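Which chain is which? They are A, B, C and D, in the order written, and residues in each are numbered from 1.
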Amino acid sequence: MIKYTLIPLLPLIAFVINILFGRNYIRDKAHWVAIPAIVGSLLLAISAFFDVAGGNVININVYDWIVSGDFNVSAGLMIDQLTAIMLLVVTICGTLIFIYSVGYMHGDEGYYRFFAYLCLFIFSMLVLVMGNNFLVMYFGWEAVGLCSYFLIGFWFNKKSAGDAGKKAFIVNRFGDFGFGLGVILIFLTFGTLDFVGVFGQAGSFAGQTINFLGWEVDLVTLICLLLFCGAVGKSAQLPLHVWLPDAMEGPTPVSALIHAATMVTAGVFMVARCNPLFIESPIAMNTVAIVGGVTAIFAATIALVQNDIKRVIAYSTVSQLGYMFLALGVGAFSAGVFHLYTHAFFKALLFLASGSVIHALHNEQDMRNMGGLKKYMPITYAVFIIGTLSITGIFPFAGFFSKDEILWRAFLAGDMGKFLWLLGTIAALLTSFYSWRLIFMTFHGDFRGTSEQEHHLHESPKVITVPLMILAVGAVAAGWVGIPPLFMEHGDKIGEFLAPVLGHPSGHGTHAQEWFVVGISSLVAVLGGIVAYVMYVKKTDIAGKIASAFKPVHALLYNKYYVDELYDTTLIQPVMKASDKVILGFIDKTIIEGIVNGIPNVIGVFSRKLRTIQTGVFGSYGLAMTVGALCIIGYLFFQR
Amino acid sequence: MDNVIMNNLDYPILSWTVLLPVFGSLLLLFMQNARAVRWTALIFTLLTFAISLPLLTQFDKGTHLMQFVEKHEWIPSWGINYIIGIDGISILFVFLTTILSILCVLVSWNSINTRVREFHIAILAMEAAMVGVFVSLDFFLFYLFWEAMLIPMFLLIGVWGGANKLYASIKFFLYTLVGSVLMLVGIVVLYFAGGKTLDILTLSTLSLPMGLQFWLFLAFFAAFAVKVPMFPVHTWLPDAHTEAPTAGSVILAGVLIKMGAYGFLRFSMPMLPDATRLFIPVLMVLSVVAIIYGALVCFAQKDFKRLIAYSSVSHMGFVTLGLFAMNTQGVEGGILQMINHGIITGAMFLMIGMIYERTHTRVISEYGGFAKIVPWYAGLFCILTFASVGLPGTNGFVGEFLIIFGAFKAKQIIGVLSALGIILGAGYMLRLYQDIFFQDAAPDFEKKGKHPVWDLDMREVLTLAPLLLLVFWIGFYPNTFLSYMHASVEHLISRVNYTAYAGQENLIAKYIMEIF
Amino acid sequence: MVPLSWYIILSAVLFCIGVFGFLARRNMIVMFISIELMLNAVNISLVAFSHYLQQVTGQILVFFVITVAAAEAAIGLAILIAYYKNNPTVKADDASLMKG
Amino acid sequence: MTLVQGFFIYFAVAMTVLALLVVTRKSPMHSVLWMLAFFFHTAGLYLFLNAEFLAAAQIIVYAGAIMVLFIFVIMLLNLKKEETERKLQKHWVAGLVVSLVLMAAMVKILSGITVLPPLGEYSIQFVQLQGNLMTIGKVLYTQYLLPFEIASVVLLVAIIGAVVLAKKRIL
């Protein structure tokens, strides 16, 4: 038991040590605390993986957390197959990115702070995936948001960084608002928050309705949709995707670890974890699928025209997360988790590689000022190519297997599925295009930056390139655990491994259909690459012509569909205006204070009149007193 | 006295807790040296805390009865007795009061330099009165302490306050006095209605006629709602907080405004159960309005301290919402949230006081980049910010979650709206944090500038340490505190749900129609 | 034999003259004297009652009244002197520092 | 009209006139002197009522002590300028009306006194047998001992108060 508790605890201890002693004692040796901790967690996670590989589930209640009446929630850990996969993803990516950060963050004055936050993040993420009930998961859920806030705003002297961190936290709060209500509703429905207890009863509540705010709605659907609100926020799906691109203000390792590989996939993990609930509600499933599919295309179109290298990858992340939700929504939970797993490798690789580029260019992120880097940074170029091949889904790279599985499962899922498959395929085309566009703009052509930058161009040190190479291996080979039966019988190891938790996807198709799907997706992947090659290497003036030809469309995409502006005018400004002018200025200052100060003012007017009686001359007081005495005498006399 | 557990320790523990600060303040009368005064006050607050500790260990958590009860006849001809005792509801407040008093003395160590002796006398008198309010089991005694509290607080604001102190102190005084006077009328009526007794426990078992309960509830509501403060009568709070010295703000936020909610728990609910149930919808709506209203107002604040003061309105809205949800989770969450708010907001005011000593400004826009200038300060304030926002792992989460849970259970729409308050809370707190600590440092406060700003020293860290410890303690293991409440809260809820008018809601409605 | 009511009416008349003096005069010393006049008027009625009711309490009360009158005169005149030092007048309507 | 009644009428008329003189003289010194005469008349009236001790005390304390104190104060303050100014306050007519009404009311009420409580034990014969001083002394030092002591404290307070107040620098 202590072994499993230690998995999240080791990073926590490292965090405490670094944050308390980092500033004055540890300083630039912070990684000597952090890396052993995460390696320890990694080893324990591998051990835990083999413990559950045999099929048994570890479920420990550490202590009673909140007890109030019949509300009783314990702080407990659960490790099943799904958790085990997540543990590996988190700790492996974490370890590599920690090592990478040693080089990337070298010399930063907040070095110790950076590692402290990373350790706290790993702790939170591990708690999130290991919790054995919704409240512990919610704990991790919020805590990763906190770490994300810290790390996005790591360079807090930049206003944009602070703003981005705040935006991330608050947008996530909107999602968590739904998640929290979902958790409450789960308890009120099932009488427990334990995963085992809730999922065990899920079937018996199917079809029940509840009066929610005056509407009669299906109970399980309501719960699922509320939970999904949380996932939408955390995984940056429409309409709460706005925070993720801004989150790129954080250091690149953070973008790789939190905003690509682990935290943003928490939503996917959560929906997968709650699959027994979601399965009971077709409406919720369809919602998940449609939100995922639409987000996949939506984000991909924005990525087409962005010029900031990290933002392109960020929108690509949003798009890929959309894919995962699409998979979950069509019932292919294991496919979603599989994509989560491969995506962690290739997207972390892409981010870290772009970090390497940015590092070499001294924090230049605009691709228009790059170009021709392949001769200066061969290793980065190579791993970038590998990552891109993987994300675009070229056989036999990791992305191919997972993406193909998703599209195939979508294809099988009825009429709606066909539509979703179409969305996914178009998104794949766009993905291919913008990914190659990124490569061509960055590494091909001539260098467009300043000559001073060119003078300093160099390949990154080993501490950066070695993790890149390891991740590149992952980006190639990670998908080989999920080879579809089409190519190899019993090749879908990961699907079988996850089956006890996530079940088997339904639906069967012919080999011909499957070849069709595979063929189409491979075709569009290549097609996108070719188009990008033509536009950005061969005839570089085409891009500008197209942009000016479709000016409104280009502006729309370039400005991210004006979603930020929409929120600003419809939500933020009204709240600020209302609070300043209406609430504080009018209600508080005018009405309430008016009444409060008005009463004394009225009294004041009277008393000013009245006090003239107080002449201060005691003769008049004597007179008044005598008159008073006279009145009393008169009263007594006439009363008789 | 068969319905209470008499004090079985070999000394009158509660009386000592009340009287020690009084002795301390009397002793201070004879001191001149400011240093000696400070040390004496510190020693007496520490002693009081030490004395009150056995309450926590010796407390029997299994019963709702009053414990450590001491009873002496006082004015027998009017049925007035000296009865004090505590139950699961009040014990934590006594604890909170004694701990915050220590911190108040500590935080004033350097910042109060005028009339040092009188200041500490006021603090000690305040402590005695506050503990007295929480332990009184006789209405007369209670009212005595309740009003006695007003005077030191009035002085703390009026003498050691900021620029606009006179306005604030008089506003505070008048507001609370108006409420208290109505309560006094209520007490007198209860005295005659309850068979000429002022014994709170006896009065808590009466079933009064509905009409009487209705008016009595309004009278008590006036006193308690002002103190909390609930929505339309909250405007004294920002002024009082802004102008009060740090210690005054801490006491005000930490304990004083808890009195109102405590009053609801101890008096309104058990004595007037039918009226309470009648008013619950109104009170819940008012609470939610306070939550959202308080949060929205925070967005428009330009003054550091005033913002926190308005956030108190929002947080106390949560407290009252929980109490009036009238189920176990809501009430326990409400009580816990009172403690939490005392800890978080108390600590925040302490920290604001500390930074004010260095910068001499509270205007948010004059700050900036303080994370670089005072990193430890920034770190600790960060913890409090997120505790205030209600992040899991801090005490704010446990309280707010239980309250929203309770509210949702009682009335869904209320629960949903109150959860919105949490989003707004994150908004204004993070905005504040960013404006104060992020971006480039304001030029005035750079280390070489005209106002050198230095990081927290040992005394200040020690002042904050107990509260920060409690933030995480309650966050990770709230059962230590929740377990004290269970029995008392269950009893309270069953009392409110018990009624002489079961199933006669239309009768009550008819009564109200008749009034208007 | 003189009826009791004669004494009482005399007392009342004297008392009212005292009241008039106190209310109408400007000079504080004369106001003091008027007070003494009122006290004396009351004393007369007390002694008269004492005599007619064959009680000794009335006389005792007069005794106390004389004591108090002495004390009052001493303090009052001391106040007057103190006041005069600050503010050289004994006019009652000039002493209006207590004006609201 | 008996002789006694005649004397009473003399005293009544004289005292009323003296009192009017006291309150109407412009100079305070004149008021005090008329007051002195008034006190002597009062003492005489006391003698009529068999209160010899009080008559003596009246002359000693009032005429001998209090009035002398007044005279001292008047001379100390040296009030020449005062005399030339307005004698009455602005609202003296109101004062006059009020006191006249009061007088009317009192006369009206008091003249109707008919019912008297039962007579006490201190009849004229009894007092004469024991002596006026003895009678008062016995009652004063037994039944009224506590008030007597309090009266002494009051006097003490007056002494200290007068000394403190009349000091050069107040407080």
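Note that in this section a residue touches a chain if its C-beta (ideal position, glycine included) is under 8 Å from a C-beta of that chain, and two chains touch if they have at least 3 such contacts.
Since the structure is predicted, the reported quantities are computational estimates derived from the model, not experimental observations.
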Chain closest to the assembly centre - both centres taken as Cα means: B
A-C or C-D, whichever has more C-beta pairs in contact: C-D
Geometric centre distance via CA averages, subunit C-subunit A, whole Å: 93
Distance from subunit D to subunit B - Cα centre to Cα centre, in angstrom: 63
Cα-centroid distance, subunit C relative to subunit D, in whole angstrom: 7
Between subunit B and subunit C, centroid-to-centroid distance (C-alpha), Å: 58
Multi-partner residues of subunit D (each touching 2 or more other chains): 89, 91, 94-95, 98-99, 102, 106
Subunit B: positions in contact with at least two other chains: none
Subunit A residues counted as touching two or more neighbouring chains: 617, 619, 623, 626
Touching pairs among all chains present in the structure: A-B, A-C, A-D, C-D
Residue ranges of subunit D touching subunit C (in the complex, touch as defined): 2, 4-5, 8, 12, 15-16, 19-20, 22-23, 25, 28, 31-32, 35, 38-39, 42, 45-46, 48-51, 53-54, 57-58, 61-62, 65-66, 69-70, 73-74, 76-77, 79, 82, 85-92, 94-96, 98-100, 102-103, 106-107, 110-111, 113, 116-117, 119-124, 126-127, 135-136, 139-140, 144, 147, 151, 154-155, 157-159, 161-166, 170
Partner subunit B, residues of subunit A touching it in the complex: 19, 23, 63-71, 75, 135, 138-139, 142-143, 146, 149, 153, 156-159, 161-163, 165-166, 169-170, 173-174, 177, 180-181, 184-185, 187-188, 212-213, 575-576, 578-580, 583-585, 587-588, 592-593, 596, 600
Subunit D-facing residues of subunit A, complex: 617, 619-620, 623, 626-627, 629-630, 633-634, 637
Parts of subunit C lying in touch with subunit D, wherever the complex brings them together: 1-2, 4-10, 12-27, 29-30, 32-34, 36-37, 40, 43-44, 47-48, 50-57, 59-60, 62-64, 66-75, 77-82, 84-86, 89-93
Complex contacts: residues of subunit C adjacent to subunit A: 19, 22-23, 26, 31, 92-93, 95-100
